[in-house]
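Two complexes follow with chain A in common, the first pairing it with chain B and the second with chain C.
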Partner chain A sequence: MSLAVDIPAPREGLSRRLSDLIVRRRGLLLLLLLVPPLLWLGIVYLGSLFVFLAQSIFSIDEFSGTIVYEPTLSTLVELFSPANFDILTRTVAIATVVTGLCALIGFPVAYYAARYAGPKAKAGFYLAVMMPLWSSYLVKVYGWKLLLAKEGAIGWFAQHLGLGGALEAWLALPVVGGPSLSVSYTGMVLTFTYLWLPFMILPVQAALERVPASLIEAAGDLGAGPGTVFRSVILPLAMPGVVAGAIFTFSLTLGDYIVPQIIGTSALVLGQAVYTLQGTAGNIPLAAAFSLVPILVMALFLTLAKKMGAFDAL
Partner chain B sequence: MTRASLPLKIAALGGLAFLHVPLVFILLYCFTTEERSYAFPPPGFTLKWFGVVWERADIWQAVGLSLKVACLATAVALVLGTLAAGALARARFFGREPVSLLFVLPIALPGIVTGIALRQAFGLMEIPFSFWTIVLGHATFCIVVVYNNAVARLRRLSPSLIEASMDLGADAFQTFRLVVLPNVGTALLAGGMLAFALSFDEVIVTTFTAGQQSTLPIWMLSELIRPRQRPVTNVVAVLVIAVTFLPILAAYYLTREGEAVAGSGK
Partner chain C sequence: MIAAPAASASVPAVRFAGVVRHFGAVKAADGVDLAVAPGEFFAMLGPSGSGKTTCLRLIAGFEQPDAGHIEIFGETVEGLPPYRRAVNTVFQDYALFPHLSVGENVAYGLRVRGVGRAERERLAREALGLVKLGGMETRRPAQLSGGQRQRVALARALVLRPKVLLLDEPLGALDLKLREEMQVELKGLQRALGLTFVFVTHDQGEALSMADRVAVFNEGRIVQVGPPEEVYERPATRFVAGFVGAANVLSAQEAAALGAPARAASLRPEKIGLIGVNGVAPDGVAALEAEVIDVSYQGPVRRITTRTANGHVIAAAVPAAQTVDVGPGAKVRLAVPLGALHPMEGEG
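And now, the complex of A and B:
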């Protein structure tokens, strides 16, 4: 590059002096750069976050429905009442199943893309994963509503492939079933799995791509069969990627309230509980207490993940 | 390298198919003549829904609002995200880790928490809900996308390029304009496009920061909960895919070519 040619002679005057000041005092430059984004995120965002979450130590007056501004633990304790605790366990259970399914479906895709696909196929895989990732969230939810509806495509295909009985048997099962797929846990979990699958594939693929081929050859030379190589070399090295993906799939499921509103049973999940509490119920303290749960769960998850080195796979 | 086994191939292609089948069905239902249910297979095919969408004023109003919000939020995010990236790319200082965590926080926390927190703050400061509160909410989580793209490119930009420019007599502003900006330009463009797509598509935070106005995702959400003419929603959905997919494709090619950027080889 011929940089020198384009640069005019040094200028004098105010801008030069300002420039000298910045160059000489690195701290000043840093401060100038950091202040605007910090004002926005540090004050506006973190401030509102704090104001909202701090309300979990207040309570609500049962009769007037107004917030009582006296510090109390009663709202936090209320989380453990049977009805509320039910919501929490249900949500965590759904998030766990979704994460497991994402890993199960996503791993082969990532594995193939990382180890067998040529450069062209790899670019194709990447785009094929990125496109659903970035296409509209609501559009994707809508797609599943179409598919899962009682009169929809899944039902039709099941019937014409002679699986109608199997589908009905599945829907007759106690927890996962329901009147139709679109109002069952099965439908909700499928939709969540679909929505967050790309978030699992990408970090797993990144982790797998970093496994050196020589390591796998060495394992083979030392007498390990393909199964053993996979179990004792590839899988442990891919785990940080899986954990990194799980961070996304888990936290995204914990906080979502739109999917359960459109697809799923009438039993509430955490996001819906927060939504109704802050809206129609007007119980901001309990909404804040509920909001603390995903934050704490994720903080715990992140600390564990950091110990496992999952962040290098992001 | 050995070839992939058949079960692996099937599982991998099956996974990809799983990612794309619902989108295909959305396209298919744009043309159905059935407007009250999701009956499969569609009883007949028609093009009339495209005409209906063209004439619905509420949809175009929502599209207009979404575009305006996305442009403004992207602009704010570009400025703030670039500043943040410039500060954090190479410098080492006390409190660096918490600050970089802070920039990622809006996207790491559930959208509903961000949304309610901002709503509460607006209420507390007595700011009425308007176009500006939507922009404020969107910019908050768009910053991180720009920041991520810019910080990755800045780390690859060799410091010796900047030193050389200064040695040759350019001042800090000239160096920024003539050396740094051309090198990070495509990364910023890519970050901006992703931010635009993110904002155009956002529904959760918007639910809490919008007043009576509806952006396109809000319009779609209300159609999903209380469907009227179902195929109209499909046509809009396909439109949304087209509008968000193009910037994403462009962003992909921009960042990919940026891999071989000048100065990366120290």
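And now, the complex of A and C:
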């Protein structure tokens, strides 16, 4: 290699001068990067949400059915009328059970994927978890209706496994039972759990991936048996993931109005209430008041989670 | 080749007999025999992949042997999980629990054993005092420097008074000054507590300066065990000579040409002196004609790399205080004391 070769300097041009400007002023780059998403998030997304939620301080004229634009608390108070409050407690209860089931089923799956699966098994795991998300939501819900129906696959299996009696007994229970799984809270919870499970598994798996194997070894080394290691090290460190998953499963269940319509009982849930109120009833203020509830419930949930130290490991 | 010191007539703290651990085709431990005496500071030295860490993990119980026998103070431990062994480990990455405070980290093992709160707080404070971290109980590991984390990891293991303390390259992530400080401190702690330390390192300087005995690992086997002086002065094989303080290795012919027995021999650079081109070598010292390739200043010594007439590269380290007026290309005569040639067996 000769040292005398003349290597030309890179050619000057407009794009290079622009690059100079951006490299020198980091704020400018940040501004360019953030303006589009901030415009979208701030104005289109949050703006419209707040405009809608603000409707809850207005009320509707019972006779004319028009909105009275005078600030009042009466609409918000209306949420606590027995019929409306019933809807709220029912929805929150369903969402809680669904979230609990998702965490219970999702954790072992996520744990396996994070700690034991090799590269091939992990690829298979991602595929298996994500694949249901590729198909239509409605198709899946109708699929579940068929599975849950009296003559459906679940009933057939129960019969052939000699569990027909157990299924009957379960359906005979108050609240969770019903004439068939497909028109019971049990069926609704099962369908929700199926639908939202990937949203629990993925964040929990991501949190578990970040727990170094040496921490688990260290706990064992210090004398902790497997159960203690799980309770004192793995679970606390996976908690942010569980909470993130719970935010998904909880809020998705709180807002859904299609599953209860296709599978649930005739009793309304929050999503259906909002849907009817803003549609056929034209009661936008009450719909907005209902919509406030999931936001408040999530805020409460996160505050509690933080108080209980779920984010200590972050 | 177990050379347990005479003092360990009693039961060894750790004993390996023909221990084998394979990972697929990789023989991480390929028939390891060793005996660590109680109260000994035992270093396992070797390049990465030589099996030293696997042997440490076999003692801790994170790995189980495929064959062979392991005893800790006479008790057979094959098949015992880590939480049933009276040994504790200081991990390379410290493995502090990020969701617990420093005090809770140190008290973790005590809590698991059901020690009451007041008692475990007292013991944790005491252990933290031992590693000079008193008053840091309420901090989080993330708020500490690397050196402090290392001390917390040490306190967490020591608070349980383990029969054997295992240290997996504990100083690897520290900077030089801190590392030297910790070397002195670790050695002091070990002496003060009278514990058995098994220390894994790839740093020969660390092993030589701290250990009572050093086991040199290569390719899943122990190639030499002995006190630091012995391993350094009389390397058993070419591998040990090269790995423990880079030594010159002379072939049998070269050794014979100098007037030494015709066997492959190691020669430490610092044993070699320079004599002027016309100088005369005293008795028992052979003179070797060579051409200087490179001279590098290394603080206490100047390292002079030379090539002999038959193309062999030999390095000499002369005290830097001694003025050496040679540069690349200069002809020199190396003074090789014949007594410094240490004959070696095998090629391993």
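Rule of thumb we're sticking to: the second predicted complex is superposed on the first by the 249 of 314 C-alpha atoms of A that agree within 3 Å, B and C clash if a C-alpha of one lies under 4 Å from a C-alpha of the other, contacts with A are read in each partner's own complex, and residues count from 1 in each chain.
Convention: a contact is a pair of C-beta atoms (placed from the backbone, for glycine too) under 8 Å apart; a residue touches a chain by one contact, two chains touch by 3 or more.
Not measured: the values here are computed from a predicted model.
Colleague: On chain A, which partner touches more residues: chain B or chain C?
Modeller: Higher number of touched chain A residues: B.
Colleague: Can A:S81 be said to touch chain B (first), chain C (second), both, or neither?
Modeller: neither
Colleague: Looking at the overlay, what does A:T89 touch: chain B (first), chain C (second), both, or neither?
Modeller: In the superposition, A:T89 touches no partner, neither chain B nor chain C.
Colleague: Counting only touches as set out at the top, which of chain B and chain C does A:V129 meet: first, second, both, neither?
Modeller: The first partner, chain B, only.
Colleague: Looking at A:I258 after the superposition, I want to know if it touches chain B, chain C, both of them or none. Which is it: first, second, both, neither?
Modeller: first
Colleague: Check the residue A:L49 against both partner chains and state whether it touches chain B (first), chain C (second), both, or neither.
Modeller: Touch status of A:L49: first partner only.
Colleague: Does chain B (first) or chain C (second) touch A:A224, or do both, or does neither?
Modeller: In the superposition, A:A224 touches chain C alone.
Colleague: Where does A:L30 make contact in the superposed view: on chain B (first), on chain C (second), on both, or on neither?
Modeller: First partner only, chain B.
Colleague: Residues of chain A touching chain B in their complex?
Modeller: Residues in contact with chain B: 1, 3-4, 6-11, 15-16, 18-20, 22-23, 26-27, 29-30, 33-34, 36-38, 40-42, 44-49, 51-53, 55, 105-106, 108-109, 111-113, 115-116, 125-132, 134-147, 149, 151-153, 155-156, 194, 197-198, 201, 213, 251-252, 254-258, 261-262, 271, 274-275, 278, 284, 287, 291, 294-295, 298.
Colleague: Provide the residue numbers of chain C that touch chain A in the complex, in ascending order.
Modeller: Contacts found on chain C: 60-62, 81-83, 87-89, 91-93, 95-99, 108-109, 112-113, 156-157, 160.
Colleague: In the complex formed with chain C, which residues of chain A make contact?
Modeller: 212, 214-215, 217-225, 228, 232-233, 236-237, 309, 312-313
Colleague: Which residues, counting only chain B, touch chain A once they are in their complex?
Modeller: 1, 3-4, 8-9, 11-12, 14-16, 18-23, 25-26, 29, 37-41, 79-81, 83-84, 86-87, 91, 93, 99, 102-103, 105-106, 108-114, 116-121, 124, 136, 139-140, 143, 161, 164-166, 168-174, 178-179, 194, 197, 201, 203-204, 217, 220-221, 224-225, 233-234, 237, 240-241, 244-245, 248-249, 252, 262
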